[in-house]
Each structure stands twice: as C-alpha cells, then as structure tokens.
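In what follows, chain A forms one complex with chain B and a second complex with chain C.
Moving on, here comes the complex of A and B:
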C-alpha cells in the first residue's frame, strides 16, 4: 500500500538551539521534505562594526556557549592577520591546548549527553543512571577533565578571559600544567571505558551511506585544528584566501540561516569530514578508538560523525599531553606582544568542534572594525543535512512513523548542530 | 580540601526565578568569616552543578521552588524531602537541574555530606530583570537564614 505520512515534530530535542523538519508524503511520494531554520538572526557581524580590535574576540565569544573558545581564537587570528601581528610558538601551543579543551568539552557533551541516549534507547542521559551508570560516570568524568583544562588555559570553562591580541594576559604555571598532564593521563582509561560502553550499543546507529564533499583544514605534520590550508575531498587543497569561493553562502526563502555549497549541492564539515581528510595524522590512541568501531577513512555514514567525535576526544587528549610536555621542557615566558594599529583585512580559520570556522575582518586606521563576516560550521552543514534527509527518507518510508521520526532526529543530532550559533533552528513537521 | 558552598540557581532575567543568583551576589558583598566558605552563582546550571557539588562538603542550594507556600515564603528541604515533594507538586522551576543533578551526584558518589535546599516560593516567573516586590523585601530574611545554616555548618 502506498504510504501517507502526516507528522509534525515542533522541537527536536538534544540539539543546541531550535529547528524543524517538514515531511509530507502522499501515496508513497514525498511532496515536501524541508529542514527549516526559524531562529531570529543575531546580527553579530553588525555588532562588530565600529568596535575596537581589542574587543572583537570577547564579543564573538558570545556567539556560542559551547564553542566560545573557537570563536575567540578565530577572531584573534583574523584580527592578528589584519594588523600583521606575529605570535610566538608558546602562544600557538597554548592556543592549541585551549582548542583541545573545547573539542573535548563539546564532543563529550554531544557524544555522552545528547547522542548516547539514542544508542541506549533512552530519552536522555537520566534514565541511564539506573542501568548504565558506569557509562554515565565515565562521560561526566571526561567532561570534568575537559572543563578543568579550559578553566586552566582560558581562565574559565566558557568565554575565555585570558586571551588577547598577540598572546595571553595570564599564563598557567608549570605546576598547573604538570597537574593537568596527570589528569589527562588518568583520563585515558576513563575514555577507553566510555568507548567500550558506547561500542556495545553502536549497532543502533542506522546503516546509511551517502557520499558527499568533505571540507576541513589540513596540515603537513599534525591533525589540523588550529592551523592549515583548506582541503576538499573533491577539489584538493586551497589557500585560505579562497574561502569565499569554497563556501558560497546563499539564502533560501524558508530559512533565516544561510546555506553553503561548493563543488556539489552540499558539503559536510565537522569531525567526520576531518577524519575523512586527515585520519592518517591521528595519534595512536585515536587510531585505537577508531579501530574499535571499525571506523576507516573515507566513511560516508553521517551517523558516524558521533563516533568520529569520540576518536577526536582521544586525539585531543593525546596531543594535549604532547603539547604540555613541550611546554614543560621549554618553560613558560611572560610575553609582551607588540601590537601596532594598521589598516588591513585578515582572515582567521580554524576547526571548532562542529567544523571549519571562518572570521574575516577589515580594520581601519583607528583600529576599529569596519567590516566583519563569520561563516559558521552549522551553516555549512545545513544543505548536507537536507540532502541526507532526501536520500534517507525513501529508505525508511515504510517503517513505523515513530521510527521515522526518531531516525530523522538522530540524523540531525549526528551533525551536532549549533543552531543558536548559526542563528538557526530545527522542527520536524510531517504533513 | 572540600568547602562549604552556597549555590544560587536561576535566571535573573526571569523575575523571581533569579532569586538564587541575586542572593549570591548580595552574600558576596559581605566579608567572609571563613575561607572554607564559597558562594557560587549556579545560573541555570545543568551539568555544571554536578561538578560544583563535587567540590563541596556541605552545600546549600538556593532556588525558586513551588512548594505550595505563599509568595516570598521559604522552606529548607533535605534531598529526600525534595524528591517526595516533587511527586505531588511541580516544585522547582529547575526540576531537571536540581533533582537530576542530585541523582547524578549520588551515582558519582560525590554528593556533599550535608545538603540543604532552600526553596523560595516565587510570585512572578516572567521575562523581567527584577524580583517581585515581595521577594525583594524578604531578601534580608533569606540572608539571615543562609548565615544561620552556614554558621551551624562551620561550627
């Protein structure tokens, strides 16, 4: 019998922000399938105009309560590029450490609190306290470790206080770094145990595959997060200066958020994109976790983005230990960064938990920002979520309605969208 | 070393919901009589509260709570009482934060040795950045109650 579906889910839970999906199926034919983003724009780019360069990173940090460190760092990179400020190797190491802290914080929040309940067949992490309390304990412990790392390097867990143009206003002590190193070492077994719990339930992830274009930073000698060139699985490596022709933002009548496209109708950014492009550069612990889940590059199942995040937590832990070792060996020096005002334009790009983030500023003769543009990962994933849904729905159309709803929600959750960050929203409506 | 902490929970942009953080900022203005005491603005907390509770030996959580009292009235509950009250009323506007936080802290074996929940009956929970007049007028009473709990905790 040809299927009719008329389902409306107003709020998808366990994502950051709000959004909707509309699906109309009549006599087995999809009449409407739409990822709707309704959240009001927040005008951060307009807020930045006229602001002094010293204020930009603290303002843009407020774009997001999850990836505030990433926004601050992208902002600093764009500002420093515009002003021609050189930063020290020590600053690069500490910023990489801060970014690892955020990556761990955000990824464990998504893997543990938002996505894992789907695997365990629960509505939230709370019912897991009864039967899966060991998994919950391990997840909370990793979250705490990530928080204390961000707290130490940034001055607090969210919205960094210690960043400034050219460097840091306050450095951690060597003793504090040593203590963090111990915590990270102890955390490795906690992560292995959490991975074991998730592995036992990973078969609940839908077996779905759709090849798309993947875009992420790439670098020669490390798994790129803080720096690198832009790589596309379709078109190869591009300099950062080409970012506008890689992202091509556009508007749709039904969305308050922008969409992007490059070589195809859509592309994907985030942990799976990074894994597909840079997997060979992962450390041994990350490779061990990936092998546990049979995750190999390339992988075209967007649901595996959650597992790629788990792999990245391992890499962040391992690389953080290596960075701390380097800082301990070289010692920490108080620096007085030299910052001179000069007019110019600068682009800052880095990998934040949900994918590649671009900030692009123009600074005038007075040191004020005269133009600003921010291209956020979730915006870049919107078109890919839509195309995934279009490929997925025909394969699940004959399943019970509740299962269709759950599968679509899981797909959205797999992208770990930060809708507030991109001023976007999700809402599923089948009519 | 674990500390004695007062955690104010709530959103000051939602009228009386913000009584917890408002009280914390008032208490922070007083000189501390012991360096083992800390005041924490728990905001709308969620999982953050789990991490905060782990650092405390004694915790006093101040929150707007509907326990069926008159606006401005307050009561002090133990965690066990809180769960039983929750079964017959909506209790906290931060139901998830508080009760679930306590559940997670228990599973983590990190629940403070002594935990008091000071629930203040709200009058207005709505978009406004000030308390209702009745709660505003009762702040000295709430402060006194918190100091009394702190005094007995530090003795």
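Moving on, here comes the complex of A and C:
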C-alpha cells in the first residue's frame, strides 16, 4: 500500500523553545519534510553594540536560561581575550566547577524531565511525579544537587551573579566546598540508580544510525569543556582562530535560514559529538555508565545523545570532586582582577550542554562593544536534525501515524534543542 | 475542581519557566493545589480549558499579539511571569534601534519582507497588549514568590509585592554597599522582593524587578553625585531591564 501522510506537529513539546515539524507523504513519496523554528527573534548581537564590556556577560546570560552559565563564560572569555586580561588558575578551576554544575543541571533536566517520559510511556513528568516513580525521585535529587552547585559557585542557579571580567566577585568558603563534595559523593549512587531505571527502558530508543561529522572542543589531558582546540571527526584539529571557516553560517537562496555547514552538508555538536571525539578521556564512573548502555565511540545513533548526556553527568560529578579536592588542597585566595581597557577582538569558545558555543566581540577604545557575534549549538545542529529526519522517515514510513509522530518528536528531543538560544533566527528549509 | 493553570511562552530565555522545574520537590506541592493543563516546555498534555494563564516573555510580532489575545480571552486570570513579561526586560534593549537596523545586524542582507516570523515591532511587555491581573517580577523570577502569588490567586487573595526599594532588604542583610566598591547599583529605586540577591553577591542591582512608581529619584541622584558616578555609565546600566527608548521603523 502506498502511504499518504499529513503530519504537522506545531509547537513541539518538552523542548526549550518553539519548533515544528511538517511531513507530507503522497503515494509513498516524501513531498515535504521540514524542521522549522518559530521562536520570535531576539537580536542579541544588535543589542550588544555600544554596551560597556562589564555588561556583556549579564546581557548575554539572558540568551538562554538553561545555559546561562555557558553563555556567561563564553562572554567573559571573549571579553578577556579582547582586553588581554589574564585569569588565575583558581578562577579556571572555579569556572570549570560552575560549568559542570550547569552541564549536570541541563543534562538531567533533559534526560529526566524532557526525554525520559517517552521511555516511561508518559506524556510528561507530572504523572510520574504524582506516582512517585522511583527513577523520577532520583532524577529530581540529581537536579537539585546540580542546582545547589550552581548556587554555591555562581550565587544563583540561573543567570550567574558572582562572575565578572577577570574572575569572581565572591568566592565560596572551603567549608561550603567540603559539604558540596559530600553531596556529590552521595550523588554517585543516586545517579547509578537513575541509570539503572533508564537502562531498563532504553530499548524504546529507536535503532537508527546515520554517520555525520562531529565537532567538539578537544584538549590534551582532560575531557574538554572549558577550553581546548576545535576538533572535527572529518578534518582533525583546528585552532580557535579558524572557527568561522568551521561553522560557516550561510543562507540558502530559497530560504531565510542561517545555518552551518563544514565538511559535509551538516554536522552534529553536543554530548554525543564530545563523546565520539573525547571518550577515552572520560573518568571511570562515566565509563561505567557508558558500558551499562553499550555506548562506545564512535556511535552514529543521534537518539543516543540522551545516553551520552547521562554519561557526561557522571563525568561532571567525578571531575567536580577532583576539582574540589584540588581547591581544598591549595586553599582559596581573594583576588583583585586587573582589567585595563584596550581595543581589540576576542573569541571565547567552550562546550555548553548542547555543544560548542562561540562568542566573538570587538571592543573599542572606550571599552564598549562595537561588534558581537554568537554562534550557538542549536543553530549548528539544525541542519543535522533535518538530515536525520530525511534518513529516518523512509525507514518508519509504514508504521502507524502516531508512532511516526512520536519518533520524529523523540528525534528532535534527543538533540535537546535550545531554541531560545537562537541569537540568529532560523528557518531551515530544504526543498 | 482544582484551578487549571496553563503556562505560555513568548520571546524569552525560558529561564523563568525553568524556575518552575527548579521548584524540585515543591513542584509536587504546587500540583496538589492546581492542575497544570498546558506547559509546552515541560509537558505534551495540552488543554485549552484553563483558569489561570501564566505568561512568560515579551511580545515582538503581530502573530504573537494574536496568540496572546486568544489566551487572554480564555483565561479568567492572567499572570505575567518575569521581567520579559512584566516590563519587557532585556528584550526592550533592542528598541533603541529600528527594526530594520537590528534585522540587518543579525541577518545581513537576507530578504525578509513579507515573512510573518520576522515581522517585528519594538518589544512590548504583556500589559502593553492585554490586561494583566498579577505580576511575578524578576530576571529570573524568585521561585518562592511565584508560589506565593499563585497560592494567593487561587485563595482569592490579592497578591502583594513589596512597595519599598531593594536597599531596605540589602541593609537588613548588612551587606556592604556596592557603591563603596565603586560599582553602580539601582537598589535605591528598584522594587524589593529578591532579598537584594545581587548586592549580596557583590553585583550592583540592575533593576530587574522594575522601578518603584514613587521611587525617590532625588535621593538617588544624590547617591550618584556622592559617589561621582559618570552620567553615561549609569545610563547604560539603567537601561538593562527598563529601557524606555522606542524607535519604530
């Protein structure tokens, strides 16, 4: 039987921001298949013009509530690079800790609250909460732990307060770090238990595979999040200065879309990309979780991004404990960052939960920003989502319509798109 | 029947909605007293029948106005969630330029004529489009305050926001005034309720909860004079959440 289908999922649920999927099939032939983003544009790059360098972090933090720590740090790195501000080792350690807090928070929110209901056969976490589902209790615990970590280092869970150009306005105490360490240690078993519950349902993830290019930061002796060079599974390692030729934002003649392309028609960023590039550098707990799910590098199933996130939560927990140990051993010192105004351009890149993020600022003689550009993970993933859909639909075309819809939604969710982040508005259209 | 609550988002960072997840276990207490019937970021279930509409985000396009008006019609009570919805917040910073200018800065020469998704006007707070019954201010909102406001609404009580400035809370916490540290602070004219969280972490208040209607501007100017804060510098900080400039075309 040749299939006819008219699917329009308007405002996909349980993702951050507004997106929709359109699929039209006529007599078994795909006539239209589109991943669209409907989010209202917010023009951050335009807003930054003329703003004092001290304000750039707090403004760009508002690009996205879920990765506000990541945007803040990318912003500070770009500002510091432009002004030539050196930061201390202590600052790097504390920033890495903050980034781990956000990585854990964002990942568990996605794995547990947004993606897991599909595995547990629920429409949302609310019925699961009401029944006090065992997995969900553990998920909420990890979420709270991650949030208390950001609270401690940043002063607040969303839109960090203690960050400033050159360092921190206020430091945690050693005692606070010590008790965070205890909480993290206790969290390990909670995570193991959550992983076990998810593992029991993981067979609901579609078995689908499409090789693509993966891009992520990479560093010599650690699983790169805060710093590193840019690595591509297709073209190897590139210095940060080449980021524009890697991300290539461009427009199609018949589309208003900006999206990115490097070596192929699309590439993927995020937890799975990082895992595929840097898996050997994961700690033992992360490796244990990966083994539980038979996740090995390289893995070409985008649905496994959710599992790669779970693996990264483990790594963030373990590495946070190591960072705290280092801070406890060396002690904390109040610092007075030295910041002088000098004109220049700076690029800040780091890995945020959904992938590699770039901020690029030019600062003038008065210390004001004259030009800004932000390239965010979701924009980089959009073309890949589209290409995955094009490969996936023919393999599921004969299933019941409800199942096709759910599978497409799950695919989009697996990428954990963060549409509010769209500092560039996107309307990807492949016709 | 429990009151039905629906959450809707417009142009925002969704940080305020995230605070609802961040209620953690307390979210359970909340769903004991209300039925959440729509919350796109968090749930697939959706119903068009609701009593309280919680709106996050600013209004930037005619297509958003239409959607918002329908929500207003269906809801008995509308609650604006966060600075974006209550006062326009960071989104209003873009109002200093014309729509044409910001579009070009971000999208270059792309021809966006006639595309409703790009048909923008200067950012508006929710109450510049429809009537708002109650406000939960802040960028992001304070989770405890949200629960307080919602509880008051369903108990039929009038939720009250503090009518004194952030400075009062800041002094109660015995913080060192950030002006002493050479920073700028909007605490003297901004509505309290956040427990002066920014100065507590050595950041000046940026005014995210909105200015008090009867703010004592003279006293504030005295403070600025006392600490010799240059006019153009504080004007920039003044703007972050409370930009009043508006260029249309």
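In this text, the second predicted complex is superposed on the first by the 412 of 431 C-alpha atoms of A that agree within 3 Å, B and C clash if a C-alpha of one lies under 4 Å from a C-alpha of the other, contacts with A are read in each partner's own complex, and residues count from 1 in each chain.
Rule of thumb we're sticking to: a residue touches a chain if its C-beta (ideal position, glycine included) is under 8 Å from a C-beta of that chain, and two chains touch if they have at least 3 such contacts.
What you see is a predicted model; the values in this text were computed from it and never measured.
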| item | value |
| --- | --- |
| Fit or clash between chain C and chain B when superposed on chain A | clash |
| First, second, both or neither for A:41, with chain B first and chain C second | second |
| Which superposed partner A:95 touches (first chain B, second chain C, both, neither) | neither |
| Contacts of A:136 with chain B and chain C, given as first, second, both or neither | first |
| First, second, both or neither for A:49, with chain B first and chain C second | second |
| Touched partner set for A:62, first chain B, second chain C, both or neither | second |
| Touching partner for A:123 - first (chain B), second (chain C), both, neither | second |
| When both partners are placed on the shared chain, which of chain B and chain C touches more of chain A | C |
| Contacts of A:413 with chain B and chain C, given as first, second, both or neither | neither |
| First (chain B), second (chain C), both or neither touched by A:161 | second |
| Touching both chain B and chain C, residues of chain A | 113, 126, 129, 140, 143-144, 147, 157 |
| Of all residues in chain A, those that touch chain C in their complex | 11, 13-18, 38-43, 45-47, 49, 51-52, 55, 58-59, 62-66, 68, 109, 113-114, 117, 123-126, 129-130, 140, 143-144, 147, 155-159, 161-162, 164, 169-170, 251, 256, 258, 420, 423-425, 427 |
| Of all residues in chain A, those that touch chain B in their complex | 113, 126, 129, 133, 136-137, 140, 143-144, 147, 157 |
| Residues on chain C engaged by chain A in the complex (per definition of touch) | 9-19, 21-22, 24-25, 27-28, 31, 36, 39-46, 57, 60-61, 64, 89-91, 93-94, 97, 101-103, 105-108, 110-112, 115, 117-118, 120, 139-140, 197-198, 200-203, 206, 233, 236-237, 240 |
| Footprint of chain A on chain B - complex, ascending | 47-48, 50-51, 54, 96, 100, 103-104, 107-108 |
